[in-house]
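When the chains are written out, they are named A, B, C and D in that same order, and each has its own residue count from 1.
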Amino acid sequence: MGESVTLTWTDWQAVAVPLALAIGAVAVLLVDAFWRSATAQLRHTVVTLLTGAVILFGLVFVWAQRDDFKPAFCRPAVEGPAECSLVFEPMTAGLWAVLLIGGLGVVGLSAYRLLASDIPVGEYHFLLLSALSGATVLAGARDLATVVIGLEVVSLPSFAMVALRRDRRGSEGALKAFLVSVLSTAVMLFGISYLYGVTGSLYLTTIANRLAGLDPDLERVAFAAGLFVIVGFAFKIAAVPFHAWLPDTYVGAPVEVTAFLAVVSKSAGVAGLLVLVTTGIAPNGSDLRTVVAVLAAVTMTVGNLAALRQVEAVRLLAWSSIGQVGFLLAPLAVGDAQAVVGYLAAYVVVTLGAFGSVAVVQRHRPGGLLTDYRGMVRSEPGLAVALIFFLVVLAGLPPGLAGLFTKFAAFQAVIDAHLGWLAIVMAINVMIGLAVYLRWVAELFRLPADDPFSVDIESPAVAMISLCAATAAVLSVLPSTMFALAT
Amino acid sequence: MIATAWRVLGVGFSLLVVLTAGLLAGAEPGRSSFLNSSIDGLTLGFAVRTDDLTVLLLAVVGVVATCVQVYSLGYLHERPASYHALVALFTAAMVTVVVADSLFLLLIGWEVMGACSYLLIGHYWERRDARSGAVKAFLMTRLGDVGFLFGIFVLGVGAGTFRISELDPAELSSGVLTTGTLLLLVGVVGKSAQVPLQTWLPDAMPGPSPVSALIHAATMVAAGVFLIARLYDLFAASATTLTVLAIVASVTMLFAALCAMAAVEVKRVLAWSTVSQLAIMFAGLSLGTSDGRHAALFHLVTHAAFKGLLFLCAGVLLHQIGSAAFVVLRRYTRRGRLRKALPVTFATMTVGLAALAGVPGFAGFFSKDTVVEAAWHHAQDGSGLGWVVLVSVCLTAALTAFYCLRLWLWVFFRTPALAGGIGAFEDDDPMADLDEPDTSKLRDAPWVMLSPLVLLAIASVVLGYADGVHLNWVVGLVTTVLVLLGALPAYSLWSRGADPRPVVLEREFGVDPLYHRLFAVPARWLARLTVAGDRDVIGAYVRATGRTGTLVSQGFRRMQTGNVQTYLTAAVVGVVAIAVLAGVIGS
Amino acid sequence: MPLILPLLLAVLLFCIGVYGVLARRNAITLLMSFELMLNAVNLNLVAFDAWRLDGLATGQTLAVFVITLAAAEIGLGLAIVLLLFRGHGHVDADAARDLVEQDATEQRKGAAT
Amino acid sequence: MNAILLGILALPLLAALALWALPAAIGDRLAALYGSVVSGLVLAGSLILWPWNDGWFAYTPDERALRAATDVPWIPALGVRFHVAVDSISMPLIVLTALLVFLCCLYSLRITPRIGRTRSLIALLLVIEAGVIGTFSAMDLVLFFLCFEIVLIPMWLVIDIWGDEHDPAGRKRAATTFVLMTVLGSALMLLGFLLVYRQAGTFDIVRLTNAPVLGGHGIPLAAAILIAVGLAVKVPLWPLHIWLPDAHAKAPTVGSVLLAGVLLKLGTYGMIRILLPVLPDATVTIAPYLAGFSTVAIIAGSLACLAQTDVKRLIAYSSVGHMGFIGLGISTLSPAGLRGALFANIAHGIITGLLFFLAGAIKDRHDTSDLRAIGRALYARLPRIGALLTFACLASLGLPGLAGFWGEMLVLLGAYDPSDLLPRTTYLVLMVIAGLGTVLTAAYFLRLVRNLCQGDPAEHPATAFAVDLSRIELITWAPLVALTVLLGVWPGLLLHQWGNL
């Protein structure tokens, strides 16, 4: 019988951010629910500011503690180092920063006049903050129970957000995401149960230690269990072949929510998988890593190929995000946290920007076809240049150096791990990915357009897109900032 | 205005060359090098030298070029600016070859000449035969030049220098020497139109006649002879090369003379005669003796005079009548008009033909005899090569006399037997259905054209005595007899009005079609094959990649059915698949 | 009781759950199938806990978590199903196909109009 | 000094950004003038920077030859530094780039593609210039890769937007093929760089040159192959050349000029700068194959030219052959061959630039580049352009006395006497084949002159708008003609640069 777990000041510090987000979530809900007298604009603005403030607090907190190592909810282990449920360390800081920046971006995209008017503001922000809270927990989790809880706290609000508009499309999208996710949770839990069975612990470090000295008979069981856990996350991040729900859900949800799914939800999944792979179930040299590498190769290839002929902007982004996840999985498969976090950072920023731009266009042209963007470089030069920049970053070509260097880091990680075949697949996918994005860029440049897109863009959108572009530009010039997120 | 400037420049430049030759005559040999850069111990750069050979060639080039430039003032009316500029450039290139002491400088002149000849032969680019002749000239000489370049590599790398004056046969291994000189010989064969690269020269005849004169007399083809004379130490040190050269020369001189016997156009006869005469020079050089070299150079000089003269004469015919085909000329001759209307041309051409045929007293007689004599001496020294050369030169002398006389008689004289008929050339008369030509306006060319003729005609006689007359009477007698032996059949055939031309000779041994079939046709096929390969093999892969991408993409779109249970099924199947795959990896 | 029996039962339950998810069309049935799967997990956890004599009772604790989680999921699931029913008038999971990509030609037509 | 280098790197980029910031309404002429001034400044800067006689730093002690170096850490996490410097390997290419861009801008003062949008075109040209100069001065593998890629999207846009206006689908396809093949190649090249990094622990070219990755098999060989393939796409070496004819044929005149004159050199420069010094042993292993493919490129390119019916395609294919010579020169690993390759780089840039200018002029005047549609007897209709075309063709076929000769001659000399580590007999065979390739080269250029310039003018009457050489054309082409002659008669001008090679 171990000693009882007592909460210390360090524990509180480590969970401060998730806690603050959760409290913020409740506060937002309360404000929206009980302050009915204010005008919609005022209420919306206050809610936005409140949400933003909470997330900003989290960011500042992360920034202040970025170099610290703060384990929380620890107890001395039977063997080996202390077992902790949640750890704040530099990698966590990097992941939290990415998640929070993503959340902040989504809040910005959901500012007044941007968010569809039929979405209840309070619930929306409540769900957003809840999911963020879960995401941060997931990124810091060091035991499987916390992982499961964190994952669910991210997922369930996301589905609610997809369906928040309460229309046919939203409900269908939510249903698809929900069903696939629940199946994945069940599979993952099934795997966890076996993992627990063979190792007798849920703490990742302990599992890692015990896996090393496992009875060979049980090794197969442990491997299968680990596989199930990874497959659970593969659903979450929509790795092929567990991706099919993603395009439909992305198209069905409001664009802001899609941005949320693509940025926060997906990052959370990657963060969780990263934690699992690096600290727990897939130690260096494990066959599970090979499985992840295979998943990476298949995911990026299928994602990019499917994106090749899409004619709708959101669907193209959906498929391309699958491709991007493939690229993320590649350094993940070799346990290179730095490359993963860096990639995630660039991905989050430009995906936000891209969805922001798409949201602007979609609000005025609901069709959402790529042809709607024709000639925009002349009619809406600012927006077009920003969008082109985002796309080029996603493709990983100059001037989008942020994307180039994150891909570079991914290549480097893979090469250092002697996965030559994966590197070749990645190289081919760089080409396919470029083909995907160039089609869109070409539309933007095509002149003359019959009916060019030209509107008065809402100022919050301008601010958000400019911010994303500026951040991406800074990351391009100083790519080391991205990689400094997790050192 | 511009044309006038270029005319002045052209004539002036040629005169300058003559003047330079005059100034350099008797001066101390000198050398200097410039613009050098060194690569890996090899110096790559330019160098010039002046010595007797240089001066001799400069004089020849200068005089012929001056004659051609002056003659062209009257001859050429279309696009004179580019013409005169190119002739000047042509001359300059030859001068470069002559003064070069660096193999690369020599190569520059060598190939610029090729380019100039291409451009000048194609001067009448409206004409199909001029176009193809020009291309052919350039390509065949270029083919030889590749060998020439490789020869430079072999010798230069072997000797560690590209300076001609520093190439010492004693320091070169015999393998390098033989390979290098043989490769150089390839270039020479191409440039001087020897067998097997002989076909371009006759086809180059559509060019303006003065250009032909320049090419055949002083530049281009003479460069080959000059080159061997310049590198004579090297060539003489390699017995293999000399043997090859002798065989090439012997075959060429007979081949070309035979072709000339059946040609039915003045310029074509002359072109073949050039090939044949050059072969005589090469034969002299192939002896490997200083006598032989001297004989060859002597023949080069006299040949420059009479061949230049002959081509300029042919130019007059072309200029005044519009054609140099036998059949056209016969239309005038059968009325006896040609000789009377063009007295100066007739006279000078007679001199030229006599010199070419080796009629005693004319320059060609002496120079050819020197070659024969050198060969004779060499043969007496016990050289088989000498005998080969001797026999072939003697035979060629007879054949030369035949075609010269044939040309002279058929062009200028009525045939009593034909009683005013055109004769044996009627078959290929392009104007057979035309009316009789109006001969009344036919008159000799203006004096600006005739004066070079006269000058060269004088040279064609005088030059024979320039070297001092040391005639070997036996040799002289033998060659004279041979000339007579050659001339008699020509006369008797003419007087009977017959001109039997064996088909094989008329087709020039079928070499040209053979080359066409051997090289041009396969090249065209290969070209089509390459294009098709790019399009249907390499390009097909690229296109197929793109199409596969599109198809796969469409496939993925199809798989996106919208049915969530399909997705779930796919996912479960995916789990199983990954489990199986992992099992495979794990085991 | 040997460990193998509850494990076999759990596998059986899980497989029935998977079958239900794949074979049934009614969304409610699907939710029930998920319940089955999660309960299989619970069974596993408790069985392993008992087998291992885990002093921390980790397995049981996680089982409680899973029960809570399942409740939350079903709650949200039912809400979504209700929404689906409101929008579509039925609760067939495989009949909700609005979001499937239209055929390219149709889309072009749509863009033209 | 390093300020100048940084200046000529930054100036075009900033100027391009500034140009885009200007309103779209500014006149085409003004934009072109702006571009001319900027690129003129870059040209001036590059001329000031030209180091005389210092040679390649790989062959000089103490890195004396490296000039204008700037070396600051950039991304420490990845081991990437911002390290730029020039030596006499890169400097002539930089000057060539600056010159060609300058001439293109100057040309655009009067003659622009019919599609218009000159402002953007000029800006893209400036971006390309910055990228190319960056590639030529990068001393860090990652920076090299980066600059290598900078060029892609602008060039893609240039072809996609301003390309052949009669064939929108074709130009789109050409642009996409170009960009995708190059991106795949450069991604593979990046893999090679990363392998080098894994072996040597640095991306710095200077350090790698001083302490190369030795060993001719295993990882160094894999790295060398990957790098060579990546660069070969750009060169382009047969059979990776398939993007080239379309891209050149469909691109606008200035695009073709830059594509052929400058962009192709990135590949060969990379081979000389990276492959040889960094992976010396592995390069020896792959050199014979490289030489073989180069020779095939010479022959295949020339043969393909013989069957072309489009003047721009023909010139494009001729680049395949010429670049094959350069590849052969590099693969001899001998001083003569390398210098030949370097010289031919410059000469090809000048001559093919001129040829594409001429082809563009002919195309503009006839609204097609199809030889059959243009008709013959250009000498009669456009005598000056015809004469210039003939001149350029003669230069391009390697006529001694013009710039095209020396490079190819030195390449053949290098093949005659290759590095001692290489199989000489193989190279002798390749030399002979390449020599025959020069004859084929002559054949297709003469065929071009014959089919285009010569012919009976009566059959091909002049079109009404056919204006012979305009003043702006004269001004832009004159430097190229002059350089062709100057380098032809004085090759030492450049050869001196590589003194200690």
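FYI, contacts are C-beta pairs under 8 Å (C-beta built on N, C-alpha and C of every residue); 3 or more make two chains touch, one makes a residue touch a chain.
Keep in mind the model is a prediction, meaning the values are calculated, not measured.
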{"item": "B-D compared against B-C, more contacting pairs", "value": "B-D"}
{"item": "Centrality ranking, top chain (CA atoms only)", "value": "D"}
{"item": "Computed distance of Cα centres, chain D from chain B, in Å", "value": "37"}
{"item": "Chain centre separation in whole Å, for chain C relative to chain B (CA means)", "value": "92"}
{"item": "Mean-CA-position distance for chain C and chain A (Å)", "value": "23"}
{"item": "Mean-CA-position distance for chain D and chain A (Å)", "value": "43"}
{"item": "Numbers and ranges of chain B residues touching at least 2 other chains", "value": "557, 560, 562, 564, 566, 568, 572"}
{"item": "Interface hub residues of chain A, defined as touching at least two other chains", "value": "175-176, 179, 183, 187, 247-248, 309-310, 435"}
{"item": "Touching two or more other chains - residue numbers and ranges from chain D", "value": "181"}
{"item": "Pairs of chains found to touch, sorted by chain label", "value": "A-B, A-C, A-D, B-C, B-D"}
{"item": "Complex interface listing, chain C residues touching chain B", "value": "18, 21-22, 25, 93-94, 96-101"}
{"item": "In the complex with chain D, residue positions of chain A that touch it", "value": "338, 342, 378, 381, 385, 392, 397-399, 401, 404-405, 408-409, 411-412, 415-416, 420, 423-424, 426-428, 430-431, 434-435, 438, 441-442, 445, 447, 479-480, 483-484, 487"}
{"item": "Footprint of chain A on chain B - complex, ascending", "value": "549-550, 552-554, 556-557, 559-560, 562, 564, 566-568, 570-575, 577-579, 581-582, 585-586"}
{"item": "Chain C partner contacts - residues on chain A that touch it in the complex", "value": "1-2, 144-145, 148-149, 152, 156, 159-160, 163, 166-176, 178-179, 182-183, 185-187, 189-190, 192-194, 196-197, 200-202, 247-249, 251-252, 309-312, 315, 367, 369, 371"}
{"item": "Interfacial residue positions of chain A with respect to chain B in the complex", "value": "175-176, 179-180, 183-184, 187, 220, 223-224, 227-228, 231, 235, 240-242, 244-245, 247-248, 287-288, 290-291, 294-295, 302, 305-310, 432, 435"}
